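Two complexes follow with chain A in common, the first pairing it with chain B and the second with chain C.
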Partner chain A sequence: MEFVQQVVNGLAQGGIYSLIAIGWTTVYGVVGVMNWTHGEVYMLGGFSGFFLFTRLKLPFLPGLLIAMAVGSALAMAIDQFGYKPLRKIGMPRMAGFITALGLSTLLRYSATAGFSPDPQAYPGDLLDYRMITLFRAGGREITVSSLHLFIFLGTLAIMLALELFIRRTLTGKAMLAASQDMSTLELMGADPEKLIKITFAISGALGAAAGVFVGTIYAINTMMGSLAGLKGWSVAILGGVGNMTGSMLGGLLLGIAESLTAGFISTGYKDAIGFIIMILVLLIKPTGLMGYSTEEKV
Partner chain B sequence: MWKSSLKYVIARLPRGSGEWFFGSGGRASFIGSAAALLLVCFIDAPFPSVTIVPPYYKHILFSCLLYAILTLSLNFVTGFIGQLSLGHAAFFGIGAYVTGALTKYLGLNFWLSIPAAAVLAAAVAVLLAAAAQRVKGAFLVVVTYGFGEVLRYIAINTDGLGGSAGMPGIRPPSIFGVPFNRIGPSGKEPYILFAFAVVSLLSFFTWRIEKSRTGYALAAIREDEIAAAAMGINTRYYKTLAIVMSAFLCGIAGSLQAGYASFVSPELLSSTQSILILTMVIVGGPRSIKGAILGAALLTVLPEFFHSVKDMFGLGFDPWMILYGLILIVLMRVRPQGFWGKSAVF
Partner chain C sequence: MAETEIAGAAMAKTAETAMPETEMAKAAMPETKKAETAMPEAAMLEVHGLHVYYGNIHALKGISIRVREGEIVSLIGANGAGKTTLLTAIMNQVPSAQGGVNFMGRPTGGMTPPTIVQNGMTMVPEGRRVFPRCSVYDNLLLGAYARKDKKNVKRDIEEIFESYPQLAERKKQIAGTLSGGEQQMLAIGRALMSKPRLMLLDEPSMGLSPMIVGQVFATIKRINGGGTTVLLVEQNANQALRISDRGYVLETGSVVLEDSSENLLQNEQVKEAYLGS
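Our next item is the complex of A and B:
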């Protein structure tokens, strides 16, 4: 029953990956840029949470919401100063990617210069911590810590709210349409710049939320964005880029796969498994698990 | 005001083809730089009591040349077929590890380990090339990145390769029975000259290949893959060729690094290293030989310079990394094709 326990352990981390991946996938779907700075938004979200919880001594929920607002503002600023000038001159693909690389380096090392490079931990009494027994299986109790359960439910709630926003509101539907065909949407009278702003805001909020959630279990540091960001992008590809449900599923799968790898194979390969799965999936089904293939035109 | 003057300067930047250096052709530049290099290397030899060129500068010079090999190699993928790769440090690392393991455990001659390293890197690249047939663009970026990371984790978790601590004590190469580190005033000179020879040959090779049937085929694939296939170009073959060739050359650079440092660590395979090599190509200008060398030199010298600035002012952080990010952003805004690049592509 060790297997079931590991699956349960992986779910919380998986929810966090899903949040990061959705941030990647919405931006790539609507704007078509591989937003390499997303890992940095996640890191800075974690740090704004840290300052809100330790300096201002805010309780969890207001802190989370403010951190998400900070993440939104940051992502919008990144778009405003980084990608928008390039869009005006008809962004070449490579230029967008290199700008993203530059922005991410700039943010990461400015953060290292501004904050302490040492790992920081959230206050211990922020959330209630105890072990909860879920059920008994095979004579063994399957337990989950209240923190992991809380994170998992929190990520699910955020994703559900986003899903409702996308399906039920006009703006959400416009975003969905934009990820399929931006130029047609423009002909229908939608303002692409406004949509792009909203997309970045949502992406930033999700990234920051993921950062705060991670901070409640692990210590945060200024370098954590690079690996987590890339794992998010692998998850987005794994699930099929532009497909939010795919990202959700992919994130949970990756969380479980990492937990199982750590438990049964070797902790040293825990971080590598995501990339291995992603490469295999791309080679077998280049559109990802739930992506739909688009015909390449000349 | 400053914007227009910037445009004026940019319009007068040297173009990709034509003169190499201050109006001189390729041959004159080669002879000139070889002479300058020999002078820098051996100026200390007649006067053992004084040091005119400190060994630290020679180390930087070697790093520049080593990275120039890497950028010229990556240029086959990024410049010629127009795909970004964030995994090229993996091939560099494979080369270094193969040379390290073969010379240390099997006692193989350093010179024999170079072809072994290059061939193994090329063999691994065949796998990556298979991936590149199926995905491209942003997807290929993350596949190459993941590929490099997976190899790094393998290096970290394999005890036979030294694990995360790396593999020390690799014997330096020798020529006619004289170890490399005994030749010249600081022991770095033979490495510098060897790296320079590789860079020169590689530049010549790149220059020749660009105007060959292969070069035109690669250019056609870069501009429009579907149209190239319609013209009867075997895109699968040429893409594989570019990637494998590039990995082969990176493997040679890795061997050289292993011999020079007599130490191999998983850091050689890190994504930071891959990103550095890629940005060197971008800063210098893809598809430009001069650009690749310039990019490698700039991004090797500037960090060292800012490192000394950091020590001078006792800063608690590295100002270079912040500036590095800024340089990339500004460069893409004002000159997306890089310093010596021919035209904005991709």
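Our next item is the complex of A and C:
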């Protein structure tokens, strides 16, 4: 069945959206800033992978881990030099937002100047490529490429690891509490700045991982962060801002929706569907699929 | 009706656990005495001439208060008198323009709120502020976030569950689903998890039914019996003064009256303005 095949096709891209969205939503939850540089961290993660795989000829897993570390460092640096000075003087939210937009543009065009505006591709032999038959449905074989399957499972593994970290460790629980009420968490002796650092580190690692995963199926370019960043934010809204599980589901839904749009309507409308969904969510259920309705804190 | 039962159970528990805690307080005594001989006049908490502004609003106009070790001190006053501002300024959660705070002989001026907590002072904020989407157990666990002796944390959580059985029954439930009284108990229990020497409580009786209010005040008294000094902000002046040693009356950012609780309860002005008689 064509429908099932399109759903399967959308899962890998969906997992990538989930990773991007979780990076967005954790930072928004804990720090309260709409981090528009996230798309750029994703793009630079993809380029770190390109450098590690083509120049240093690293195998996939070490390359992925190093790129994630680079993403962490980059996100922490963005916070240190971009947002932290504003927090110190009691940043109004709008100031953080403007800073984020500016930094995002700066990073995007610096990268274009530094690398090249041309698309780049990872080495073809980086990962094993073949078609795998998953099952038969309606007299048709449902297939998936080993790359897509690998990416989908990889994104799931990363999300599962993060979920375990948040649910099982004291630091993870503190992050969850911080996203609910930072000033009360402070009264338990937790240093907000430390938690914010950890949050940016995690967000950066997820963004970079998404960038590397994308690089394994598509050519990457220095402009790719802007659309991915927007889509990540719409997924975060779809899932309910501040809710990790919501972002995860939202990402998969968007991936599937895009694949169905491409398959049944036209590839031209693929990118629009995410934003149509976002607008519908905002109109019908503004808290998102799994969002919390909270009053704005004074 | 369920709440009445819970309250009854907790009160029975209060009577049972009173003994061991008095012993605990005794055990802590020698240390206390040594401190007193070294600095006979030093209070545990000294606030001197504190001024706080919110933009153009002069919220605290040179407030000075003292809390001695082992006391329960009440701050009473109407809405907008500056009670909450004073507590948040003591915790350094709002900046003070002038004046200062000494805690256990050390100025807290340069400390961040977490550092103050690590030094032994904590606050149960107004409106309880439990983490609504974390479990009861995790709320308590987070209360011990800054503690160095992590291995004792589990045991201390069990102790809190023994003192508040209604929390034990709900330890896996998310805190947002608890009743107001249970949330207040959780907020107090969570503050206890940091092993404070001084606990600031901001309106613990707010929005609770009279039955539960009684339970909350009994709990505060019991915590004090266990050796924790208490600075209590309350609009329920009557109950607050009944459990406290001394009290301050705040009006529009200034201390207008300071006396023993007994005297304040008899004071005609206080009676008229705050005790509703």
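We adopt the following convention: the second predicted complex is superposed on the first by the 295 of 298 C-alpha atoms of A that agree within 3 Å, B and C clash if a C-alpha of one lies under 4 Å from a C-alpha of the other, contacts with A are read in each partner's own complex, and residues count from 1 in each chain.
Quick note on the criterion: contacts are C-beta pairs under 8 Å (C-beta built on N, C-alpha and C of every residue); 3 or more make two chains touch, one makes a residue touch a chain.
Every value quoted in this text rests on a predicted model; they were computed, and no experiment measured them.
What does the overlay on chain A give for chain B and chain C, a clash or a fit?
Chain B/chain C on chain A - fit side by side.
A:Q180 contacts which: chain B (first), chain C (second), both, neither?
second
Give one of first, second, both or neither to describe whether A:E163 is in contact with chain B, with chain C, with both, or with none.
neither
Using the touch criterion from the header, give the chain among chain B and chain C with more contacted residues in chain A.
If we count touched residues of chain A for both partners, the winner is B.
Who does A:I98 touch here: chain B (first), chain C (second), both, or neither?
The first partner, chain B, only.
Now for A:M188: first (chain B), second (chain C), both, or neither, which partner does it touch?
In the superposed model, A:M188 contacts chain C only, not chain B.
Taking the superposed arrangement, what is the smallest distance in Å from a C-alpha atom of chain B to one of chain C?
In the combined three-chain model, chain B comes within 13 Å of chain C at the C-alpha level.
What residues on chain A touch chain B, complex-wise?
28, 34, 82, 85-86, 92-99, 101-110, 112-113, 117, 226, 230, 233-234, 237, 241, 266, 268-269, 271-272, 274-276, 278-279, 282-283, 286, 296, 298
Under the touch definition given earlier, write down the residues of chain B that touch chain A in their complex.
Counting only chain B, the residues touching chain A are 84, 130-131, 134-135, 137-139, 141-143, 145-147, 149-150, 153-154, 156-157, 224, 226-227, 271, 275, 279, 282, 316-319, 321-322, 324-329, 331-333, 336, 344-346.
Chain C touches which residues of chain A in the complex?
170, 173-174, 176-177, 180-181, 183-192, 292
For the complex, give me every residue of chain C touching chain A.
Against chain A, the touching part of chain C is residues 91, 93, 112-114, 117-118, 122-123, 125, 129, 131-134, 138-139, 141-147, 190-191, 193-194.
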